[in-house]
Amino acid sequence: MKPVMTIEQLHDLMMREFPQMAENFDVTEVRDDGATVRMFIDNSHLRPGGTVSGPTMFALADCAFYMATLAMIGPEALTVTTSCSIDFMRKPRPGDLVGDARILKLGKALVVGDVMIHSIHDHNPVARASVTYSIPPKRTEIGVS
Amino acid sequence: MKPVMTIEQLHDLMMREFPQMAENFDVTEVRDDGATVRMFIDNSHLRPGGTVSGPTMFALADCAFYMATLAMIGPEALTVTTSCSIDFMRKPRPGDLVGDARILKLGKALVVGDVMIHSIHDHNPVARASVTYSIPPKRTEIGVS
Amino acid sequence: MKPVMTIEQLHDLMMREFPQMAENFDVTEVRDDGATVRMFIDNSHLRPGGTVSGPTMFALADCAFYMATLAMIGPEALTVTTSCSIDFMRKPRPGDLVGDARILKLGKALVVGDVMIHSIHDHNPVARASVTYSIPPKRTEIGVS
Amino acid sequence: MKPVMTIEQLHDLMMREFPQMAENFDVTEVRDDGATVRMFIDNSHLRPGGTVSGPTMFALADCAFYMATLAMIGPEALTVTTSCSIDFMRKPRPGDLVGDARILKLGKALVVGDVMIHSIHDHNPVARASVTYSIPPKRTEIGVS
């Protein structure tokens, strides 16, 4: 398993295909077994009391795993999120979140892995997601995750 | 298990405590074992190709289960999403989504159940989420989900 | 979605292919959207204190969903459990367990559904599992779940 | 987070409280954030075709996480498996399995972590489980997982 896309290519793809997402996310690293994505947190992502909302953390998990998957299989693939199981462990204080996506299996039909999420204010993980993507047989266009 | 809050009380609580959420969600039914929430889908919830995004469906699952939980335990509780495992089964076409939350266990510390999500355009479910909420021992203020 | 196998055919298949399993499980119903399997609980399935062990409940969830899947796609299929997410809600007292498997999506590559498990001594569910099976493209022999 | 029990103490506890389990499992390492358990695989754990069954892998995940939890909180605790979400990634050939349990959150009420399972014949993981245990408020006797 080796990445076939660079940070710059992933960034350009996100800008082109998911302009709404591109405002909130930044791919900061691509590794042999995954990628890291930073999410910019603003007031719209907070719940009363000042903690980052669950759906926001889910969005980061989904984006980070999607970027890690594309990094490995390339931009032409039509991939879809099949399942995501997320454990919320600590309430993140306001501040950007970082998601480290790790691919454990890169199959022909399914990609399986997980995403560890932590806050820039805390070394301990705030959430961890197990994610499965499916890659339809016919790869014709950019994926919709 | 019997609801202790009405649709109107849940609606008022959402308006007061989660004004951002209240724009997108509408509690349409409260039952003995759960509640139904409708999510208004607009362009900001869509992915290229016109399907509703995964994080949007997660947000509906979380909101529907939160409303069902509050309906049963009342507004004073500080509850937090502990885990959510979601299966995406069909791509929903643009259009509002409906989430039917069902509570399977209402314990002192944990609330367990699931949410079936379907599109107003399709009878078949588009996603199904298994959700666990925890209720901290000290119930002092409105929850942050 | 309609079953293509009867209770008797499923029973014979289990006897022939999984003789070890057949001692513990009995298919009691096949429905349009699923099947019900009863598990005979003996002392080997109990933990100290007299409750049925978690792996035992997992085995029932896996078997019930496998039988429901075969009921729909027929005996020739090579299917494998891809993922299972199980919530343990109540400790079952000693006694047989019943698993109601429901298929929510019968796709070409993935079968998604859930299994509600209850004890013959208790109306309330003791566990609920969300299960995904994958059906490899080439269907040549009986599945290994 | 530091272990408060040694390998020997965990082994003795398993022999005393779970003699059935003790025949199949061996705690091989205790670390600051978890523990490793080896499972002895014999013919009773195999499916036709010679692969290790899903319930067998679940049993290893459950045991490894239980041992890791007791290692951190001590033998007096009554802990129960609350949920387990397992992804099966590769079919293990016959041979012992090793489960590396890692604790990500050791809370007062909930313990959250995961277990990576691999075969002694394969460096790649065959399954990965996300596990949550709950620790009831009153800790009076040995746990039943």
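For this structure, a couple of remarks:
Note that the chains take the letters A, B, C and D in the order they are written out, and that residue 1 is the start of every chain.
In this section, a contact is a pair of C-beta atoms (placed from the backbone, for glycine too) under 8 Å apart; a residue touches a chain by one contact, two chains touch by 3 or more.
Bear in mind the structure is a predicted one, so any value in this text is a computation, not a measurement.
Here A-D and B-D are compared, and the pair linked by more C-beta contacts is A-D. In terms of the distance between Cα centroids, chain A is separated most widely from C. Centre-to-centre spacing of chain B and chain D amounts to 33 Å, using the average Cα coordinate of each chain.
With centres taken as mean Cα positions, chain D sits 23 Å from chain C. Chain A and chain D have centres, each the mean of its CA atoms, that are 29 Å apart.
Annotation for chain A: residues 82-83, 85, 87, 132 touch two or more other chains. Under the stated contact rule, the graph of chain-to-chain touches is complete, every pair of chains being in contact.
Residues of chain A touching chain B in their complex: 17-18, 20, 44, 47-49, 51, 53-55, 58-59, 62, 80-88, 91, 142, 144-145. Listed in rising order, the residues of chain D touching chain B in the complex are 82-83, 85, 109-110, 132, 134, 137. Put simply, chain B touches chain C in their complex at residues 85, 87, 89-90, 104-105, 112, 114, 124-125, 128, 130, 132.
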